[in-house]
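Below, chain A partners chain B and then partners chain C, in two separate complexes.
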Partner chain A sequence: MSTAARPSSFGSARAVLLWSGIAVLCAWVLVPIYLVALGAFGGRTGVYQWPKTIFPAGISFEPFLLFLKTEGVAGAFMNSLGAAAVTVILSVLIGAPAGYALARYNFRGKDGYRLLVLLTRAFPLAILALPLTVSFIRIGLYDTVIGVGLVHTVLALPFAALVTQGIFLGVPRELEEAAWVFGCSRPQAFFRIVAPLALPGLAATAVFAFVISWNEVFAASVLTVRHRTLTAYLLTVLAESPLHYRFAGGLLLILPSVIFIFAVRRYLFAIWGISSK
Partner chain B sequence: MQNDKSWIPYLLIAPSVIFLALLFLLPLVQTIWLAISEGGVPSLANLQTMAGDLNFRLAIRNTFLLTLAVVPIQIMIALAMGSMVAKVGAGRETILWIWTIPLGISDLAAGLVWLSILQNSGYLNSLLFSAGLIERQANWLSYQTPVALFFAIAIAEIWRGTAIVMVIIVAGLNQVPKEYREAAEVFGAGRWTRFFRITLPLIKPALQSALILRTVLAFEVFAVVYALGGSNMPVLVGEAYTWQNQNQNYGVAAAYAVLIMVISLAATLVYLKAVKVDPERLP
Partner chain C sequence: MANIVIDRIKKTFGTFEALKEISLEIHDGEFVSLLGPSGCGKTTLLRIIAGLETETSGKLLIGGTPINGLAPKDRGLAMVFQNYAVFPHMTVFENVAFGLRMQKADQKRVKSQVDKAAALLHIEPYLDRYPNKLSGGQRQRVAVARALAVEPKVLLMDEPLSNLDALLRLEMRTELKAVLQASGTTTIYVTHDQTEAMGLSDRIAVMYNGRIEQVGAPVDIYSHPASRFVGGFMGSPPMNFIRLPVTNGTVKLGNTHHSVPVHTGSDIVLGLRGENVARTPLAEGLRLDVRVAEPMGSHLLLTGIIAEQPVRVILPPGETVRAGDAIGLKPDADRLIWLSPETGLSLNHPKT
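Let's turn to the complex of A and B:
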């Protein structure tokens, strides 16, 4: 690369520095995850082994499976999936039309609407779950997966609207107008021309909505008692759980969202480029 | 667009406006009212209870110190990551993917990850023991070691929260035209001059949104603290949680919520003023 033109010793010293920096930062991210996985698969004996080595010893799936079979874990896992599903569906269904309106139309109140969406960013949104406890009890949404999903949608919706705006801006308006000329109605043109082109971006938006909901702790803990999501469940049983259960819980929380992030890695930067404008 | 279709955008944004009105603006007003009323009449009782609470000062101090410790380091690491990866050709995708992994990790999980390292028979103590630096298991996370606990929480937060800053900053760096830096290089600007005079000003918008996002999130810190230290280190959201769930006192919980919102809003305004972004130069 650009270093090749320089005197080789100087260039290679820089290259060594660069790559060791990169290696250190990669290890900084990966090693702790590896260690918590060791904790999750090591069981009770692993936790109290002293001094520990960073090489796996006495590792088996048994302790992790045992954790999964603990009362409440499977249910909490399903509740988390449910709340995340509600969040994904609602934030795309409500956010994408708004994003489309922002991308394609100039209308009075557009700036006001953008301000409303941006305003949500300056607020710690999950905290707004506090007063919702009372209203949710009144309308029967308290301690339900749908209630949690609704609050998580508030977290994901502004993001979805801004990101889909960027996605629709990327679909040439001319294509859509051509479809109108050829006799498509507006909804037809949208679903036949725009939607397929916007699909990968929409999928990435959905994945982010999933991750936002899956990881949220505060609102989920405040709004549920018996139908806890995985984060809320872990938070409440934390104090009385043995350490290896906590590590197993941590690993179980990490796995799905890491897989999802992997699935959308190509869109990460484009999406954040858009949404941070 | 044509005038006869002018209702379309309103139809499209209507669901989200209704949704945000019901689940953002309404609870916002409710929270404020809950905080400044008592039995339906305006009252400062909740705010006074909050301010008179034993943990109040501690919670404020800890939350602010954590934010001050965590956010600048995250920005610096993210800038370093962005500059490093800009020099890499092959393998860039993989490196970026690894660095973005924490993006999918919740604060609760991050706390549990670092618990496995910092607990008494954990990896840090094992390492120190093997190196002969400690003789028996040291305690890092108890209320008797507030400084060590503070650092533990800060490290876990830095570990988890840097990814989002990095993504925003790399996205910003990707939009900086290469020609600018090349031109500066031709005119003899050194590495650091190029970074401070060319790159940094051009990624100001990204920097600003990263700062706002991370600071608001830092004031919300809660689950990391709880996973690592239980209730050994009070923070603002933790207090709100305790008042709501354990004490069943929604008024004082709301008072904490209002305080957190005021601080977040103030921080956002400070960033909007301090990191001025010229709208003309937005890409």
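Let's turn to the complex of A and C:
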């Protein structure tokens, strides 16, 4: 960094501020995760040990592996991934076109439409739970991963539509018009120009949809019996488990989100800078 | 290359008439500017020609072929946008090649066309860079190169220089003229800057309130404005307008009588360019009470009062005039513009 390299006191003060800020933010995110990991790997004694040591006294993967082998955990984990995948795919596939339409076209009832989209979040799931369960049983979606994914999509969709609207608004209209003039049809212009530039934002939308689905407990608990998602499963099982089991479960809940965000991190930074100005 | 026929094009937004039946023919290889203040409809007209906006009624032809209703890509034109609209996720090479790639041109043609356009606009050193590493002027060149690379029948430019700083704008203007003269492409150029339009165009269409006020060569429009609006919009300082009484079919300027095409008893407006006057003795000429004298080096700019109305005139740099002086001016009799005080239209020659 040029500010850090400059020997002036103003520059170095700024650098100190910058780096201490970074350190605090990192600690904010990493320390809890680390403590959970410590609890999960520290074994029965490590969990209760106080004061905590920076490095665990004895690492043992045994409780974690034991937890993984517990009946239902692996299945629940896969169910959670499945429901999240359904949520991510559907909310981007349905939400992004809605966001594009909101960003680019003026149509009658646009504001009303936006309000309606948000209103889907105004219905508490608790009220919907019973009728939803009944109709899911009727259609045959009850106790399936796809059923949970669909409900999670409903939760994530308003968010996806409104966020992608902002993303598409951020891609200058002139770029799209230039593409039309230079030989693109509307779909071609979208896939060659708009989509690549909107990719960071679309990736962020996918991350949030994933997290919404992954963290959701209530609908998942109500709508499943045997094919539980991880959150729903842990909620019922962990209450009766020893503490280090609970930490292992917590870690298992955290890890996929972290890995997923890490995987799409490239798109979370606007690498080209969306605006051409 | 092709000619363009704009035939009674009308555009309404709700109840607002942005364009009121505009007709204009642009010849093959001609450079025509649409000039006017913001909101006059010039950009709307350009976007209708490009196919980015749909006309309410009227016909458009390029090279004799009607293009109404065609998608922008099927009109055989290229466009340079106000904000350049250079694609940020492509290198300069890919930007310039974009139109050719969409035409599925073979690799050899893409390469040669891009090289040609890049050489013309001096952007060869940047072909591998991304646009965010370029300055505004360089992006502008990329946008122009992208448009020329496809060898369009018609080139449309929407205020392409307005985002550049003053010095760069002047430089690019000269260069643009040289490049476009070399390519011989039919060009429509939208601008609100009258010096740009004057310098670049074969013909200028001055627009105001959704209408074309006057079409003509830059010098004609400058010297023979068809209306008060055109006279006031062209030139810096703008044309002076002095309202004078008419007696016996003549107007008295100093001790000279000029016959005018207006009945006795009414007034007439004299349109007078600041540079079309010469100094004479006070007793013989039109009396100017000087309020401010600004020596500009190349000329002397005087701001003052003639017949109780504010005017600005230009004299040779050698004249010694100070604020507070009263001097005599003799207008060039061949360059007087007579305007109707009611309609603002020129009475000198039939309206074009």
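A few notes on this one:
Definition applied: the second predicted complex is superposed on the first by the 202 of 277 C-alpha atoms of A that agree within 3 Å, B and C clash if a C-alpha of one lies under 4 Å from a C-alpha of the other, contacts with A are read in each partner's own complex, and residues count from 1 in each chain.
The rule we apply is simple: a contact is a pair of C-beta atoms (placed from the backbone, for glycine too) under 8 Å apart; a residue touches a chain by one contact, two chains touch by 3 or more.
Bear in mind the structure is a predicted one, so any value in this text is a computation, not a measurement.
When both complexes are overlaid on chain A, the residue A:M78 reaches neither chain B nor chain C. Looking at the shared chain after the overlay, A:E174 reaches chain C, while chain B stays out of its contact range. In the superposition on chain A, no contact is made by A:A195 with either chain B or chain C. Between chain B and chain C, more residues of chain A are touched by B. Of the two partner chains placed by the overlay, only chain C lies in contact with A:G183; chain B stays clear of it.
When the two complexes are overlaid on their common chain A, residue A:I146 makes contact with neither chain B nor chain C. After overlaying the two complexes on the shared chain, residue contacts for A:L66 are found with neither chain B nor chain C. The residues of chain A shared by its contacts with chain B and with chain C are 272-273, 276-277. Those residues of chain C that touch chain A in the complex are listed here as 50-52, 71-73, 77-79, 81-89, 98-99, 102-103, 130-132, 139, 146, 150.
Residues of chain B touching chain A in their complex: 1, 6, 8-10, 12-13, 15-17, 19-20, 23-24, 27-28, 30-31, 34, 77, 80-81, 84-85, 87-89, 93, 95-109, 111-117, 119, 121-123, 125-126, 129-130, 137, 159, 163, 167-168, 170-172, 174-175, 205-206, 209-210, 212-213, 216-217, 219-220, 222-223, 226-227, 230, 237, 240-241, 244-245, 250, 253-254, 257, 260-261, 264-265, 268, 282-283.
On chain A, the positions that touch chain B within their shared complex are 1-2, 18, 21-22, 25-26, 28-30, 32-33, 35-36, 38-39, 47-54, 90, 93-95, 97-98, 100-102, 104-107, 109-110, 113, 116-117, 120-135, 150-151, 153-154, 157-158, 161, 186, 211, 214-218, 221-222, 231, 234-235, 238-239, 243, 246-247, 249-250, 253-254, 257-258, 260-262, 265, 268-270, 272-273, 276-277. The part of chain A that touches chain C in the complex is made up of residues 172, 174-175, 177-185, 188, 193, 196-197, 272-277.
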